[in-house]
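Dropping the structures in below, format is structure tokens.
Both complexes shown next keep chain A, but they swap its partner, so chain B is in the first and chain C is in the second.
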Partner chain A sequence: MTGELRVTWALMRRGLNEVLRVPGASIPGVLAPTIFLLGLSAVFGEAAQLPGYGTTNFTQFIVGVSLLQGAGFTGAATGVNLARDIERGWFDRLLLAPTPRMVVLLGIVGSAALRCLLPVAFLLAVAFALGVPWPGLPDLVVSVLLVMGFATAMACWGTVIALRFQTQQAAPLMQAVAFSSVLFTAAYAPLDLLAGWLQVIATINPTTYVIEAIRAGFITEMSLEQLGWAVLADVGMLAFFAVLAIRGMRRIGR
Partner chain B sequence: MLRPTLALMRRALRNAFRRPQFLAPLVVFPSLFLAVNTGGLQATTGLPGFPEVNSFLDFQLASAICQSTMLGGVSAGIAMALDIEAGFFDRLVVSPIPRTAVVLGRVGAAGVLGALQAVWFLAIGFIFGAEMAAGVGGVLVVIALGVISALAFGSFGVLIALRAKNASTVQGIFPLVIVGLFLSSAFFPADLLSSPADVIAEYNPISYLAEGLREPIAFGWDAQVIVEGFVAGIALAGIGTSLAISALRGRLRAAR
Partner chain C sequence: MPAIETVDLQREYPARRGPGLRAVDGIDLAVAPGEVYGFLGPNGAGKTTTVRMLVTLLQPTGGRATVAGYDVATQPAEVRKRIGVALQAAALDLLMTGREMLLLAATLHGIPPADVADRGADLLERVGLSAAADRRVGTYSGGMQRRLDLAMALIHEPEVLFLDEPTTGLDPTSRLTLWDEVRRLRDEGTTVFLTTQYLEEADQLADRVGIIARGKIVAEGTPATLKAEVGVPHLDVTLAGEDHRDLAREVLARFGDGRPPTEECDLSVALPDGSAGLAPIVRALDEAGVQVASLDVKEPTLDDVFLAKTGEHLEGAD
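After this line comes the complex of A and B, so read on.
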């Protein structure tokens, strides 16, 4: 067991090393959600004047969306990195090593949970600089943990696609799911203000519950009920994509 | 000059259609944004100061076309950078064709794709209930402005590729490209933008391009707005193409 933990940690560290080794690869995951946070606040800021937002500060309303976008991009990037490892043959060598495949998978997706802390830290700094009030330490910690869970779920999805297509060209497919799962929610407006069709999708989409809990933490206070739904949604997504990723890991190269 | 330009344009289009997986994001991502924006922010048409429109979809179609042609510009830049990396560009410049045709062919292909992108978004709009306030003539204006918008962004994509020389750098500029769109009135009325975005939007040529595209769809025939859209688009395309040709010449001089 200790050996397996060491391998997992080594693979997670390898994933983290990429932040320093290939800093350019981390830029989109940090820059894109920051630009969206700044851009959407500037463009749609007036929307928060409508009743139902719970705040007149649109940045405060969408900061949770940006955090999850950053996590989604990081998760998708994990899949792209795996596809690159497969293309270059490094992954084949990893499969030949006397390490259970589940440990390899855990190391790969676990690195996403840590790597997403980079965009999270940057986005929070920008949000606080823009006047988003401090949510309190407990709500902030819980929000970050929820975001890390989402990043891991999206990393599992990226892994599924990387193992299936075995090429970096499948990157748009990894990103599109991460992107859509965050946007087809109550991202820009409260559920009651959404168009009927989007309201239905957002209600079914588990990411909505994660966003709503984080948002509550930033606007008022995260209730236990909201936290419960958010954890259930995060764990559900993680379990679903993890099962697919485990299946992909079992099948590859056999 | 015309024959090599047309030949290179055809080659660029053939390559684009040969790999639809690279072409799809040009319409898929803006379509997703269009859906989310219209579904999520439809209530904003009730804000004081929001112009009277049939629906928020009518208002947002112009921004989707701008966004899509912008992505088309990035895609044209990536294709040019790949030609440079693969050595095809070097073979082109030693062949007996006018060198400006290398730039014009690539930019022209972006323009043709721009027409198809405009048609795609008009079709989506009509399917989901958008109306064309200016009638059939308005459709032609939107397609023409879509082409000009694609030429403008395509020329800047090619310019960046000639300066950057590799595809990954061109790809990395995408988030920055979107900034230009956020700092314009493409997504929301200029009067309702927060400061300083409202001030920047006033001087941003993309605002005029987007408003020129929006006018026939959402409002009708305001000649001034439409002409301003054409002037802004043509000016951007002219400047971008001139700079790209100059970058090409500079690159060739440096290689001597």
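After this line comes the complex of A and C, so read on.
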């Protein structure tokens, strides 16, 4: 393993400490999307009887949304943790190392991809327990990879805000974007059934395409076209927020 | 080649309106390899800003600085390879163990895994943390955290070590342990740049001291030279009562220049010959019938140097 890979892995592993050593710290990130999944399934369950849902099981329709919510919360938490590291001086130690800044950034945001597997695993267990059918291993694996990509993109956003404001008080800004990027999509109703303004936003919101691909995987089968759009959306979001994060890293330390 | 050199180093923080705040205002320094350089000044004098520029965490807004021969502004990566840094607040992850922290620091500095275990164990032994190595850092005392911070700064055997107020907030025992480690590093040839607001710390550890106030160096030299520059020892006299104050003043005037009394004494007189000049004064006071409560020979301190140069006392001076 090269030095850069070792540093990236070491920082990713450090990011897992909070999950492994303070399990309680993960509860909000797991609980919130689970409550949404359970609550919305109970309240809007009958909506799936309308044409366009592709299934009569509302939980099956929104399971992908919950996975992305879990990933979004995890990504935002990465930003909060970075802000805490900045406040406590730990981030200075990273900046004082001769490691390239890109490697430091990769280690920080890469940990979100791993950490999001905890809410994903829990939510999948809850969904299957509620009767969501098994989507098949290939679609499940692809869905999880798409969710990991989304978590990394949101971690980049959290990093941008943490580097800009350097305080945990900016946490709501990190969470708001992660939350609204999932909310203003075809999350709870098919695109065609959305009200005018929401339909416009959902159509241009790249997260919609990630949700639709994962949803297709859980309801029928993810087509190559859906996968292509989802990957493009994931990579696009990741690239956009990563560029901002890299700029932030360059601003805070050469 | 100096281990650290600055020429007209400046750092100005912009203000929304009007001129910015110049935290460091044209500092010239030359620290020789193997030297312990004490950077002494009160809070807000510019010590930490200077250190943050020298360790590449902050870009200078004027002048230039080199560390280990590399320019901090244009060759920061080269500088980082050669420096160890323990900043004011021990930067530690409370969820990790001491050993894990050292391994992570080694990884960050590109030390091959095969070399890490032995070097880490040696350092943990050296800073007295072997027994606590596998405990989470969150359970460490403040002194233990500072020692671990120091060990992490040394993991890659840096040429130049920056210690930013390393003993602030520590108990006396931990402070002495850290002082011993700094002395050992000096004996091993490591250049140490030590900022402190404690006079005694600078006096005890530094080969040379730079005194900074309001972003400028106001005095520089060995502690002995600086103290000699500002004055001679003096004798503080506290009388047993108020009756003989004028008489005592007349007696003391025969031996040297009087000094203004302080809260701690009634009268004070210069002692150009140090303690050797004490006996005749004691005899003269006794013969004159002056009743004395206490006599105290005071050597000049770095605070006197600071007072002479700035008109103010250093915080932490007593």
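The rule is simple: the second predicted complex is superposed on the first by the 251 of 254 C-alpha atoms of A that agree within 3 Å, B and C clash if a C-alpha of one lies under 4 Å from a C-alpha of the other, contacts with A are read in each partner's own complex, and residues count from 1 in each chain.
Rule of thumb we're sticking to: a residue touches a chain if its C-beta (ideal position, glycine included) is under 8 Å from a C-beta of that chain, and two chains touch if they have at least 3 such contacts.
Keep in mind that this is a model prediction, so the values were computed, not measured.
Q: Tell me which of chain B and chain C touches more residues of chain A.
A: Partner touching more chain A residues in the overlay: B.
Q: Is A:Glu18 touching anything from chain B or chain C once the two structures are fitted on A? First, second, both or neither.
A: A:Glu18 sits against chain C, while chain B stays out of touch.
Q: Kindly classify A:Gly45 by the partners it touches after superposition: chain B alone (first), chain C alone (second), both, or neither?
A: After superposition on chain A, A:Gly45 lies in contact with chain B alone.
Q: Under the stated touch criterion, which partner chain does A:Leu95 make contact with: chain B (first), chain C (second), both, or neither?
A: second
Q: Please indicate which partner A:Ala77 is in contact with in the superposed arrangement: first for chain B, second for chain C, both, or neither.
A: A:Ala77 sits against neither chain B nor chain C.
Q: Using the superposition on chain A described above, determine whether A:Phe184 touches chain B (first), chain C (second), both, or neither.
A: Once the two structures are laid over each other on A, A:Phe184 reaches chain B alone.
Q: So, A:Arg6: does it touch chain B (first), chain C (second), both, or neither?
A: After superposing on A, A:Arg6 lies in contact with chain C but is clear of chain B.
Q: Overlap of the chain B and chain C footprints on chain A, residue-wise?
A: The answer is that chain A has no such residue.
Q: Under the stated contact criterion, what part of chain A meets chain C in this complex?
A: Where chain A meets chain C, its residues are 3, 6-7, 10, 14, 17-18, 21-22, 88-99, 253-254.
Q: If we count contacts the way the header does, which residues on chain B are in touch with chain A in the complex?
A: 21, 24-25, 28-29, 32-33, 35-44, 46-47, 168, 172, 174-176, 178-179, 181-183, 187-188, 192-194, 197
Q: In the complex, go through chain A and note every residue touching chain B.
A: Residue list for chain A touching chain B: 24, 27-28, 31-32, 35, 38-47, 49-50, 169, 172, 176, 179-180, 183-184, 186-189, 193-195, 197-198.
Q: Spell out the residues on chain C that touch chain A in their complex, using ranges where they run on.
A: Against chain A, chain C makes touches at 55-57, 59, 76-77, 80-81, 83, 85, 87-93, 95-96, 103-105, 107-110, 113, 136, 152.
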